[in-house]
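Alright, structures below, take your time with them.
Look for chain A in each of the two complexes below; its partner is chain B in the first and chain C in the second.
Then we have the complex of A and B:
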């Protein structure tokens, strides 16, 4: 998979569509004996790995279950007693213990917040430009991923997040997503404009398009 | 997989018989006349429908014609409307004539107008009814999506060449996206 995520942001800056390439992962499970050799901390009410990556458990992974009992926030109920996960894992009597870790995920709420933040950054970037009539952010590169953004003349933004080595064919991909938006969202009379896109056909078309894009890229690599 | 996805993908599968379109439009206008009983009200409804179509169709045109950039004067707008938009959706191109001195107003002569091909408006309605009013609404809606407010009126319609007058009102500054300012 060379594409991680696709977002469509409407003219007011709110997220109207997102596609996530990640399959629902089951996480990593491991049996630990005392003392725990991974440093955990509570971040955003989730017990998170902050140091000591090993055995497929990486930084920012969160504890999602202990001995098969799922964790709610940073609390877990074991044998009728409510424990804080941190306390439970520091008590020698509770060991050995099976802990399941989940890779970090971003929730729909967080995606909505990030999208409107990106919308604002885009606007600021266009205004800060030393040269007039700058188009705003088109590509954003980091060591881990690359973000491509295309803004249509009407003001809808199409954003693709993919691997850092993503090739130049992304412009074409973005234009195709725009076409799909025009076809399957706007031409659907039951879709109200500027509202979240919940159209099965649009979903399917996006999925097909990205699969095709990935296949094509494999051949050329 | 539904049947539709098996159709060959290309421009041809998207083209329908022009007559079906003309007849559907005719049936719609006739039905509206029956329902509303007032030609002026029919004009209003047709305009509203056209406007809603225009809002949606603007992105379709731009998505499929990457060469159309941002229009910065009415001459470009007239060009795109006459040569690309009407050609794509009605299958005819229009002539641009009668520019105003300020270059903010022009006429689109649609000839032949596929909508009025078989139409004879009864004389008692001919004064008021603007048969092709939907095209006006569509032009207004589509240009609004591109942040240009225009006024569109039909000057002449059935029995003569269809002439649509398009007048520039203002740029909708509040909706212009970043990076697209003039």
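Then we have the complex of A and C:
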């Protein structure tokens, strides 16, 4: 999959549609003895690795199960007793312990936050331009991904996040998504402007489009 | 009336370096320089530096939250229709921004060279306070020289 995410952001900066390239991950399991040689901390109500990458466990991985019992937030119920994960893992009597870690994921809430962040970054980039009449961010390049954004004349932003080596064919893909938005969302009599798009046919069309894009890119590479 | 011709040339070859910001780890702008800036931000320099630094911090947190991949996450650049913001952050928290034309090449290497100049003229000088604005004339002149001699200028 060369595309990780697609977002549609309305004029006010809120997320109205998102597509996610699902990557199933089972995580990493490891048996630990006392004391734990990985530094954990509670971030956003999740027990997260903050220091000490090793054996396929990386920073930002979260604890998802202890001794096969799944963790709810930062709490775990073991032998009928509710523990905080941090307390459980700092008690020597509980060792050795099998801990399962999961790679970081983006929840729907976080996607909403990310879209409004991008909306303001887009505006500030235009404001700080050294050249007059600049648009906002069109391409953002990092070491791990490349983000392409197309803003329609009406102010709706279409954002595609893909692998860092993504080619220029993304421009066409963004225009096609805009077309689908115009066809399936705007022509839908039950759709109210600036609201999240819940439309099966739009979902299917986006899915097909991205699959086709991936296949086409495979051939050209 | 040479100006229109020169801007036409720079548009044709689309190779220009506009301006440069250097922030220390506390977010203070310790050096700012502009060469061919055509539009000011419409606010005082002080406010502009704060806005720029705030944007960099948000950009970094945005990028790190958006990526679920392992390993180091570093923002490299962003492009708009008119310019490209090139970004370099060192592990010590020094942040460097170089705004250029989207077509400019060899900019990451140029930023490494500027960092080298910073180390040579500021960090290695025991009389200079690293957290304050850089007043070193040597730094200024070597920075100018580097940028103006660069093939993308």
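Just so it is clear, the second predicted complex is superposed on the first by the 219 of 221 C-alpha atoms of A that agree within 3 Å, B and C clash if a C-alpha of one lies under 4 Å from a C-alpha of the other, contacts with A are read in each partner's own complex, and residues count from 1 in each chain.
We adopt the following convention: contacts are C-beta pairs under 8 Å (C-beta built on N, C-alpha and C of every residue); 3 or more make two chains touch, one makes a residue touch a chain.
Small disclaimer: the values here were computed from a predicted structure and weren't measured.
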Three-chain arrangement built on chain A, chain B and chain C clash or fit: fit
Chain B, chain C and vertex chain A (Cα centres) - angle in steps of 10°: 90
Which of chain B and chain C A:140 touches, first, second, both or neither: second
Touched partner set for A:175, first chain B, second chain C, both or neither: first
Touched partner set for A:186, first chain B, second chain C, both or neither: first
Chain B versus chain C as contact partner of A:126, first or second or both or neither: both
Chain B versus chain C as contact partner of A:118, first or second or both or neither: second
First, second, both or neither for A:11, with chain B first and chain C second: first
Residues of chain A touched, compared between chain B and chain C (which is higher): C
First, second, both or neither for A:153, with chain B first and chain C second: first
Three-chain overlay, closest Cα atoms of chain B and chain C, distance in Å: 9
Interface residues of chain A shared between complexes with chain B and chain C: 125-127, 133-136
Residue ranges of chain A in contact with chain C within the complex: 4-5, 23, 58-59, 103-106, 110, 113-114, 117-118, 120-121, 124-145, 147, 161
Partner chain B, residues of chain A touching it in the complex: 11, 122-123, 125-127, 133-136, 151-156, 175, 178-179, 181-183, 186-187, 193
Residue ranges of chain B touching chain A (in the complex, touch as defined): 55-60, 62-64, 66, 68-70, 145-147, 175-181
Contact set on chain C toward chain A in their complex: 18-19, 34, 36-39, 41-42, 48, 51-52, 54-55, 58-59, 61-63, 65-83, 85, 99
